[in-house]
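Both complexes below contain chain A, partnered by chain B and then by chain C.
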Partner chain A sequence: MNVAAATQKIGLDVPVMVAFGCIIVILLAGSLYSPEFLSLDYLLQQLQVGAFLGIIASGAMMVILLGHIDLSIPWTVTLGAMMATALGGWIGPAGVWLAIPFGVLCGAFIGVLNGLGVAYLRLPSMIFTLGMNAVVQGLMVLHTGGFAPQDHATDAMHFLAVKRSILGIPNALFVWLFVGLIVIFLLRRTAFGRAVYAIGNRESVAYLSGINTNAVLIGCFAFCGACAAFAGVLLAGYSTKAYQAMGDPYLLPAIAAVVLGGTNILGGRGNYLGTIAGVILITLLQSILSVMQMPEAGRQVIYGSVIIGMLLLYGRGARTRS
Partner chain B sequence: MTERTPLLELKGVSKRYGGIAALTDVDFKAYSGEIHAVLGENGAGKSTLIKIASGVTDASEGEVLVNGTPFRFRSPTDAMRAGVVCVFQELSLLPDMTVADNLSMAGTPTRGGFIDQKAQRARAVELLKRVGCEDVHPLELVKNLPLSRRQMVEIAKALAKKPKLLILDEATSALTAKDVERIYLIIRELREEGVGILYVSHRMHEIEELADVATVFRNGRKIETFKKGARSVNEIIQMMIGREVTHHYPPKPPFDDSRQPALTVSNLSWGHDLNGISFTAGKGEIVGLGGLDGQGQRELLLALFGVLKGVEGTVSVDGRSLQLSGPRSAMTAPLPLALIPEDRKVEGLMLPMSVRDNLTLASLQQLRSGLGIDTERETAAVNEMVARMQIKAPDTSAAVGTLSGGNQQKVVLAKWLMTDPGIILLNDPTRGIDVGTKQEIYRLLRNLAAEGKTIVFYSTDYAELIGCCDKVLILYGGRITRELKGEDCTEHNIVAGALNVNPVPEKAA
Partner chain C sequence: MSDWRYHISHNLGTLTAVGLFAVMFTIYISNHEAGLTPAVATTAANKAVLLALVAMAQTIPVLTRGLDLSVGSVFVLANCLASAIVVGTIGQGLLGCVAVLLLGIVCGFVNGAIVVWGRLQPIITTLATGAIFYGIALWIRPTPGGDVQYDIADFVAGQLFGVVPTALVVLLLVVLLVWIPYRSSPLGRGAYAVGSNEQAAYMSGVPVEKAKIAAYTLAGFLASLGGLILTFNTYSGEASAAIGGTYTLNSIAAVVIGGTSLFGGWGSAIGSIFGAFVLRTIEDLLFVFDLPPLWQPLFQGVVLLVAISLGAIRVFRIRNRLELFT
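And then the complex of A and B:
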């Protein structure tokens, strides 16, 4: 009972333990292939790459907990990167640090639009955000066509994404930690977090309890947009420039990471520890598949299968709900 | 006549939902060529009887016989095959399809695997003629028809299945007088053809006019089956009420007409459901809402809480006018409002979440400190409320869905008491919970009233209104048709008012 209560308190429920179990299995399996997989250097390298996905998944989780989904993530990532790098060109040296909050704000703005559509127009988030993704894509093509805006990352972006300032730990990992702590605080300690879970379980109950459900919806979509754009800014720093479609490979892994971590795809249940496990699991899976020289097509097949498999395991909580 | 084999017979049928008995040991026979009226108060077991007869649910115990042979309906389709067809209260038509498509939903005529449009249309025309709806075009979309026409199409759809036993559940409640006449005619024609008819209605005069035989239900038991004219209207009402006293209510203070008004409603209207409702509820008063199910009671409570859009009329709380813009503004009124909703599973609770999270959901604003929630204060408040309401849960972190119905309802009540409301609106709070918890709730309401809180209380159980309320408002068709104060709150007055049959209120003996 006491052990159960303690594990419950930190959010170590069955799906999370399964996810961590899978991580260990993958590492052990990898070490049979090459002992390199258990070296500290390799693991830190994976965590650094995983940090970008982790930041995107943090935002995606907030939206999924509501019972919604944000499919505008890919081009919001690209938007964040492009806006941030472009600002450096527009305002000169002052943009070195300002570029980062500017990129994030642009992403949050897209998120607010998503939230307005879902909350007030009551359109299904799947359709609305898919449309928004296409709109942002168009805008970004327009942005880069003919004007040749600056697309090089500023030093600040490079610093956050690539450098290792303390004890050889990548700075990107601290950024993920920072975003993660915000999410944990929001979900566990604030009225906003309670409202997120409440809406994911039963929006009508939340509304009848006096919660401003529309504000919560908009807040979560804005947060998701901001996270995606922030990750875009860092990715630009990591690869030194912003480029078209740089966010495309992140949609499926981000949603997969959240779901693998035990968050109910229909909303209302899930904790951040699970998302951390999901992100690490996906990152390792990607890494090992590429080390094993699995072609891209095969990787996609494996991703999709893993997500469907996990949904079969946990995603059917809806049946036991009533 | 009783020598004949009944078309449908129920033998010792019982039905329980969870721990609650909806139907207990019922024997019931329906013969062909006979119109059989089924009577009873809300919750007497009529709907359950119909659901079992038409295969929507299974009986927990007992036998269902069709033409003398035991038959187990696993689905409405099974029942239809046996010739039992039901026209339900809730319309079952698909609004975005044509009348002809709807009428041929089961048994679509086909030619070479494709729908035979011509045959389907001809069939629709014939069926519509049968129910006197020649003015309805078969290719019209159902959603474009007025409600009364839709109800007629619904009946035509049932006739398409060539029923041996036709069940009509409140089939005339949406109809105009002309259509009702038409329905009577069809029903009598069907009787001549040897079809058996089960007819559920709350309108006494309809039953007098139509029925050959009537059966009265009360509290899930069959009380009596009698032939037309064997019983007077008064006797029937008496049978529906019964004489058993099953609950004990806390003592009421004498009726006091000089209370300070807490809630004043004037001329409240909303669509067709609320028509110019005006009343006053005083501080420390329990006001009951009575009447048949679905006469606007729920809408009234929702309107007061600001949930309905486009409500006309004014509401003032403690002398100041209340904006009906949403729960938030109702909860911040001078005397804060609280609404205990009807369906605790959909509107009251988040079943997979913990007792604690459910309890504090409505009062999170009060528990705030800085950016976050003051968890120590939260824990203290939750523990205090669990103790005060005697909520039996293994742990405050247990999921609410694991508690019994009574304890779930206590959680809903406790959740709203934590907001310290001045006016409490309750929408049928004792439905489906055990007797012990019911009595705790009655005591709680009386104590809250004694503290000066105002309570507006809708119940489908008349006895509860009499036992608990200082004043009862009877609603009929979205209007307050009668206001019973203090000693006038008797079963006879409430039932007669609800059925709208006896315009002179009986004085209590």
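And then the complex of A and C:
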């Protein structure tokens, strides 16, 4: 097998290679500032932090591949965290075991509602998920009584999010690996995955080809909601409790990570390797800017400029022609 | 179809928003203990005009089948800059106002240039430029504060002849002097044409690139005008990501409630103004009906979701299922 075919097979196309190239450039630039940036310990810590973003981005990618977008991610993250931590208080000791599945299930439920709105009401996903985000926010404000709740994360959440069980590798990384493998399997080995790409390219054609497009839409939104809630559960484990608006800083980085990884924001094109690269890129960028004690103002400007700059390198659309 | 029926069906979205607003505002006023006094009207108008301007800004890129997620950031950036340079004598203050609006135009032009010449998707472009504009706002004003020229501020936030809220007059002037001329200009017609079918517009000789750049530039101008008026209301500047995000998201909701299609080519900024008024009146209604504060976010969210779900009515009018997918 020649090199081109091999890279094609694992999805190493131009955007992905540019993204990985940028990761190396960032690390080298960082190491000029401090050799710490190339230490194994620092890299593992970044991957642990990046795992939360990675899980959210996995779900966001499934929806973006359809040509849709999920703006309800921020409060679905918070919902997952709050429901999982609150369950113990509601049903007693059994809640310890059910906490994580319950949180994920709540997120999936919101995702199904999003999917129903987009599939059957045919509302633009951008506006429907936006409304859903406001509704979930309202529910969570009501749930906590307007204050940060005192519910604490269970040991299992803490174990998954913070502990390092095998060879000093953070458990969160294994969780991301697990979610990532599910996405790769779905996209590459199942009819569902082919349907996702088909709908992203042209939904009417997918429909005429006999694909149950509405079921695929609902499935992807449910997966996205579940991923967001799962990340919320882990974040609650990471910071030992759930609090209001904990998901707000994750929406834009998740979308940016997916798009920087070469997934077309209009759907139909993209692979998971790119999303991994995008997540690591965003995480490293955020980390290095904060280590360099760049003020927030400069961070935002650099953050936005890097996204524009990278997309100008490889994300340009076609010219309008006859 | 006779002429007036055509006009009604063409402007149905706007008319629905106007009707919704009229009903809600009547309920609000009849339950307000003071009734419709100039002071009550001015307070309501000052809040509503801010969102109305940002919603108008959002409408124009949406008409071209684009989107501007940076309107909130431009709004905040204009607020921060105005709190720094609209000071001194009235003359200096007015010069500062011009500078703030120029900055908004530049921000909008940058968006348009990246979308047209850089050929990037509007969503992701304006997401990124939004971060940049917010960063600049934070650089101008790291902590909330600043000042504003009081004479201009009191004039704009007050009433004309002691009756009419000046902010409403400003909004009316924007509609008459900016929106209506723009709408009937080649650039405005081009924006509708591009939104409806870019290829066909290109083939018909519509200046596609110019129309798109003009749309984003005008959006930047209107958003910065909103930010300027915010400064006149608050007498200070604040670089708050939350304010920017709320205004961006509410502007999209206002556009949808005002009957503009997110798929482009259909709608009007006047509808968006009333969409914004509807959203603001919802908040005021919660206030006069004394809903427990804890329930307010949920109630607002549900009303928002129901309002945008009204757009699903078109599903029931479609005869050919394939039309669902456009």
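We take it that the second predicted complex is superposed on the first by the 300 of 322 C-alpha atoms of A that agree within 3 Å, B and C clash if a C-alpha of one lies under 4 Å from a C-alpha of the other, contacts with A are read in each partner's own complex, and residues count from 1 in each chain.
Keep this in mind: contacts are C-beta pairs under 8 Å (C-beta built on N, C-alpha and C of every residue); 3 or more make two chains touch, one makes a residue touch a chain.
In this text, all values refer to a predicted model and were calculated from it rather than measured experimentally.
Undergrad: Tell me which touches more residues of chain A here: chain C or chain B.
TA: Counting residues of chain A touched by each partner, the higher count goes to C.
Undergrad: Determine, under the contact definition given at the top, whether A:L313 touches first (chain B), second (chain C), both, or neither.
TA: neither
Undergrad: Thinking of the overlay built on chain A, is A:L130 touched by chain B (first), by chain C (second), by both, or by neither?
TA: In the superposed model, A:L130 contacts chain C only, not chain B.
Undergrad: So, does A:I91 touch the first partner chain B, the second partner chain C, both, or neither?
TA: After superposing on A, A:I91 lies clear of both chain B and chain C.
Undergrad: May I ask you to decide whether A:A29 touches chain B, chain C, both, or neither, giving the answer as first, second, both or neither?
TA: Neither partner.
Undergrad: Now for A:L121: first (chain B), second (chain C), both, or neither, which partner does it touch?
TA: A:L121 sits against chain C, while chain B stays out of touch.
Undergrad: What is the contact status of A:E296 with respect to chain B (first) and chain C (second): first, second, both, or neither?
TA: It touches chain C, and chain B stays clear.
Undergrad: Give one of first, second, both or neither to describe whether A:I166 is in contact with chain B, with chain C, with both, or with none.
TA: neither
Undergrad: So in the superposed three-chain picture, is A:V259 touching just chain B, just chain C, both, or none of them (first/second/both/neither)?
TA: second
Undergrad: Tell me which partner A:A198 touches in the superposition: chain B (first), chain C (second), both or neither.
TA: first
Undergrad: Overlap the chain B and chain C contact sets on chain A and report the shared residues.
TA: Common to the two interfaces on chain A: residues 202, 204, 207-208, 317, 321-322.
Undergrad: Under the touch definition given earlier, write down the residues of chain B that touch chain A in their complex.
TA: Going through chain B, the ones touching chain A are 305, 307, 327-328, 330-331, 339, 341, 345-353, 357, 360-362, 364-365, 367-368, 371-373, 375, 397, 401, 415, 419.
Undergrad: Which bits of chain C are touching chain A when the two form their complex?
TA: Result: residues 67, 114, 118-121, 123-125, 127-132, 134-139, 142, 198-199, 202-203, 208, 249, 252-253, 256, 262-263, 293-302, 304-305, 308-309, 311-312, 314-315, 321-322, 324-326 of chain C touch chain A.
Undergrad: Which residues of chain A touch chain C once you look at their complex with the stated criterion?
TA: Going by the criterion above, the answer is residues 69, 71, 117, 120-124, 126-128, 130-139, 141-142, 145-146, 202-204, 207-208, 252, 255-256, 259, 265-266, 295-305, 307-308, 311-312, 315-322.
Undergrad: With touch defined as at the start, can you tell me which chain A residues reach chain B in the complex?
TA: Residue positions touching the partner: 5, 8, 185, 189-191, 194-195, 197-198, 201-202, 204-212, 268-269, 317, 321-322.
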